[in-house]
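Two complexes follow with subunit A in common, the first pairing it with subunit B and the second with subunit C.
And now, the complex of A and B:
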């Protein structure tokens, strides 16, 4: 490899990137739009579940219960209806996910029998949300229930002693607020880097074929390795810039904690960029049309990074076969690394195994890409 | 090794070259040599195989059989060694349109490893040659065709290659620019650069030291323009002007001493075995049939006459053989 030719190649590529609005848009705008789109769009926290109430008693007691729902951050009462049919149609129109029905004998049974019931009707088309709403509703009702019990006992002059034989002292580590954003945003960074990285390089070789410049280029003494490195280096720098953007948005805008070191992030990101830029380049060598190459790059980076990397969907909850498949998904290692760097402040020794995987992956891809490019027509 | 790169050996040697794409034979046992400092023209209709031969010589395509030796190096065996010694202009314009004149030259200077100390001088040379002084900062895509082609030539000779392959460099360029381009080729040849240039403008063969006519993948004729005109036709040309072109053409078919005749514009070109003899005979032969030619004169055939006739007979012969 000659430095002179490598430099000529890299300078040419930089000039072309600079003059091509498409490359620059992908490189600089995509991280912003994706970060905000996915950062806000993908959330696992369920708050402000719309609730529809049907208070058939309309007593002080029933209103006190419903106020509890109103007060909870998990629920928002969207409608108060006066009939079952109105409740059903509210659920049908998705005006609410949960219907709370207070029976007409709510207070009567409470004072006569000491126990009473409320009905919860759940829209379980999204079973996950339904499950969570149910447990939140249960918590609201039991909270009210124990308050009733306390005030009842004190009225009768015997202060209640609540006995709990065992309690769990929970300490939540790494994501103390259990805010799903802290867990998702670092994963979003991975998806963006995979997407942008492969998109950028997927165009570089196919562009030369499409514009007819390749024929002249391969008639020169330039070596395939010089073409590859000359083309990848400018995009690696762009990748670093993108990573810095993502880091800034994640920490400054979304307030995700960053507990690791920039150096660890830089080194692991470089390895990951080696893989995705290499994949894009490889696709570009194999597919000679820009549109085709960009589509395939989208397919092979976006899908696995979204579904099989564990960035939202936990890998250990997948069927065994899929779990095995995720070992092939390079994004999985970077997701592990990035989350650990952001939230745990992990250093390189702690991340040695995913780093080794990424290293092997990037070396293999780059070796493959270097061999795939032949200085021949047809 | 040094014997291989002996300067007494012809810079381009092609022997029994064959290239097949599947069932299609693009190059069919072609052999020729080009001497140092010579301009060899490749002529022939589109799809005749001119570009394929040039691409093989540049190491862009692998030959199916035969040998291509450039600068004493077998191209199929060591294409990289050949690439350092050649300049190439492909048929399709292939400089970077989104780069400026100077950026393109710097890029190819770097890729060809032109020494940094020489680069500025070489770039100035190429800019002057292309007539682009003062437009170094213009994007190449904004230049007119003739300038683009001259710049492409400038890029191809930046590293002073001893051998130059130009694939239809003047196609789509206006006549004045074409003329200027050929002047540049001659200047290079005077500096002992060996040039192989293809064209589909038959008249451009006159500018070459030697021309090779290629049809359907094989070499039909090769030689200097003069020798091609004399030898290839096997006869001499007469020009015949007449009011009644059609009947005259029919009558000529059976006329004594006439080998061939064809309409060229509003006259007939007649190929005869002996011009002196036919000049007198034809007039009386036609008058006897009530056709009064306005004028019969001896003409020097153009290369176009030669090639049109050679390609037609070659195509007919090959069809018969098949």
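And now, the complex of A and C:
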């Protein structure tokens, strides 16, 4: 490999990128549009759950309980209904996601039996929201329950040990406020890098085929390895620029904590870009039409990066077969790495195993791409 | 006029089915995506990997830990011997939850002084962490309550020492098992149809323009309106076929129930398909090459997909984004799909969504047909 020829190849590619302002715009605009779209649109935080109450007792006790729902920031009481059918229709129309039904014998059972219950009717079509709404509602009701217990016990001079023998002291690490943005945004960075990288490079060789310049290129003394490196280096630089944009937007705009070092991020990002660019290159070598190449690139990057990388959907909850399949998804390693760098402040030794996977992956892809290229020429 | 439309129709069908790549594109990606979403897209949290450190070694502490071991929601992967091992397990993501029972636990428990159970949660995935914390709280509360009532019995059968307790009964409607697949699989019908139909329509017309055959067709006696009909009817039928295919897999393979009226779904599908066809047509008027169409499609489809409520609740989005969802036909179609599949509601509930879709479809169709006719002149 001669540096002079490599440089000439890279310069040619830079000129080509520069003269095609549309792909350049896409490359530079992508981080902004996608970061803001996904940063704001992809959220799992559940607040202001619309609640419909049906108080069949309408006593002081029942009102005191429902007041607590009103006071909670997680709930917004949108309606108080007077009949069961009104409740059904409110949930059917999705006017509320949670219905709290206080039975007519609520206070009576509380004073006679000591135990009483209310019903949480959940619109479980969205099971995740339903699950989380229930646990918030449970917290509200438990709070009410123990306050009633305390006031009763103190009135009657009962021993306090019956109230709360055990308390749970929970500490959340790495994402103390359990803000979903903090774990989604680093993942968005991965999706963007995967998309931009594979998209742009997938066009580079197929363009040469389509325009017939490939034959010209082959007739020059430039070697296949020089073609590949020369073509990929400008995109690597573009990838770095995109990564820097993403980092800035994530930390400065969305306020995601960045606890690792820039150096770790830089090295792992370069490794990941190596894989992504290699894949784009491989696709463009194999498929000679630009449209075909970019469609395939979108298909092999978008879906796995979004679904099977662990960026929102946890891998350990998938069926075993699918979990094994995720080892093939290179975005998976980068998601692990980048979340650990952002939130845990991980350094290279801590990330050794995903880094090794990425390294092997990138070497394999580059070797494959080089081979495919030689074969196509032959 | 009819015979001319018929010829265009036949031409389009031949073109759709002619090459291997075309057939592949119609069938394989929907199948893969359906399976991927059906199996991979889940927010369910089961078998939370847990590490336990018991520094008390009493009957009480063991009883508490056994409650976690026996729960099928938690999966105790490791018994740690020191705090360092706990920190290590969380740092390396071997465990999401760590439970620490300190020495003196049983003693404090007997005195009723609020014996602490220390819980450390890896909050990296906030959703998993939140749900896992809910599980821990439920198990701990049950233990606490059982212990208290047990103690009350032992202290003596005095009147009035009973526990006062308000419980919350869970009644999940439409999806009793809180199964995430029931939420995602019907949604895939909407997202897949959107992607396939917009792509097909936009590409079909842009390809004709790029290759130059659009001009050839325009010199034939066919009128623009006939051309549009001839182009869109096949894709409309393809769309119906895709919806049938995906629904079939959802019903037969993933066993998602269908509680509603198929005709309401058909009506919703028709309106939605009209919107997507119009969108594809509109994109085709904006682009002169397939490459441009591809990029435009991506930038248009991605927001529609993210801001539809397909996987992320609209009510949690910032207000400005929520406004945007009102012009998003997928948002309404998802309501109709989930309403008919899971809730089994009919026109009396879904009419506002159907009306909104009809309005969007009419607007988009008008704009795109006007633009298309202009682009031909």
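Keep this in mind: the second predicted complex is superposed on the first by the 332 of 378 C-alpha atoms of A that agree within 3 Å, B and C clash if a C-alpha of one lies under 4 Å from a C-alpha of the other, contacts with A are read in each partner's own complex, and residues count from 1 in each chain.
FYI, contacts are C-beta pairs under 8 Å (C-beta built on N, C-alpha and C of every residue); 3 or more make two chains touch, one makes a residue touch a chain.
For clarity, every value in this text was computed on a predicted model and none was experimentally measured.
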item	value
Overlay on subunit A: subunit C relative to subunit B, clash or fit	fit
Touched partner set for A:375, first subunit B, second subunit C, both or neither	first
Partner touching more residues of subunit A, whether subunit B or subunit C	C
Touching partner for A:128 - first (subunit B), second (subunit C), both, neither	second
Touched partner set for A:5, first subunit B, second subunit C, both or neither	first
Which superposed partner A:112 touches (first subunit B, second subunit C, both, neither)	neither
Which of subunit B and subunit C A:120 touches, first, second, both or neither	second
Touched partner set for A:70, first subunit B, second subunit C, both or neither	neither
Minimum C-alpha spacing, chains overlaid - subunit B and subunit C, in Å	16
Residues of subunit A at both interfaces, subunit B in one complex, subunit C in the other	none
Residues of subunit A defined as touching subunit B within the complex	2, 4-5, 7-9, 11-12, 15-16, 19-20, 211-223, 375-378
Of subunit B, residues touching subunit A in the complex	21, 55, 58-62, 79-80, 83-84, 86, 88-90, 92-99, 103, 106-113
List of subunit A residues in touch with subunit C within their complex	22, 26, 33-34, 37-38, 40-50, 65, 89, 91-94, 110, 114-132, 134-135, 137-139, 141-142, 144-145, 148-149, 152, 156, 158-176, 178-180, 182-183, 203, 290-292, 294-295, 298-299, 303, 307-308, 312-314, 316-319, 322, 336, 339, 343-344, 350
In the complex, subunit C residues that touch subunit A	21, 29, 32-33, 36-37, 39-47, 49, 64, 90-93, 109, 111-131, 133-134, 136-138, 140-141, 143-144, 147-148, 151-152, 155, 160-176, 178-180, 182-183, 203, 290-292, 294-295, 298-299, 302-303, 306-307, 311-313, 315-318, 321, 335, 338-339, 342-343, 345, 349
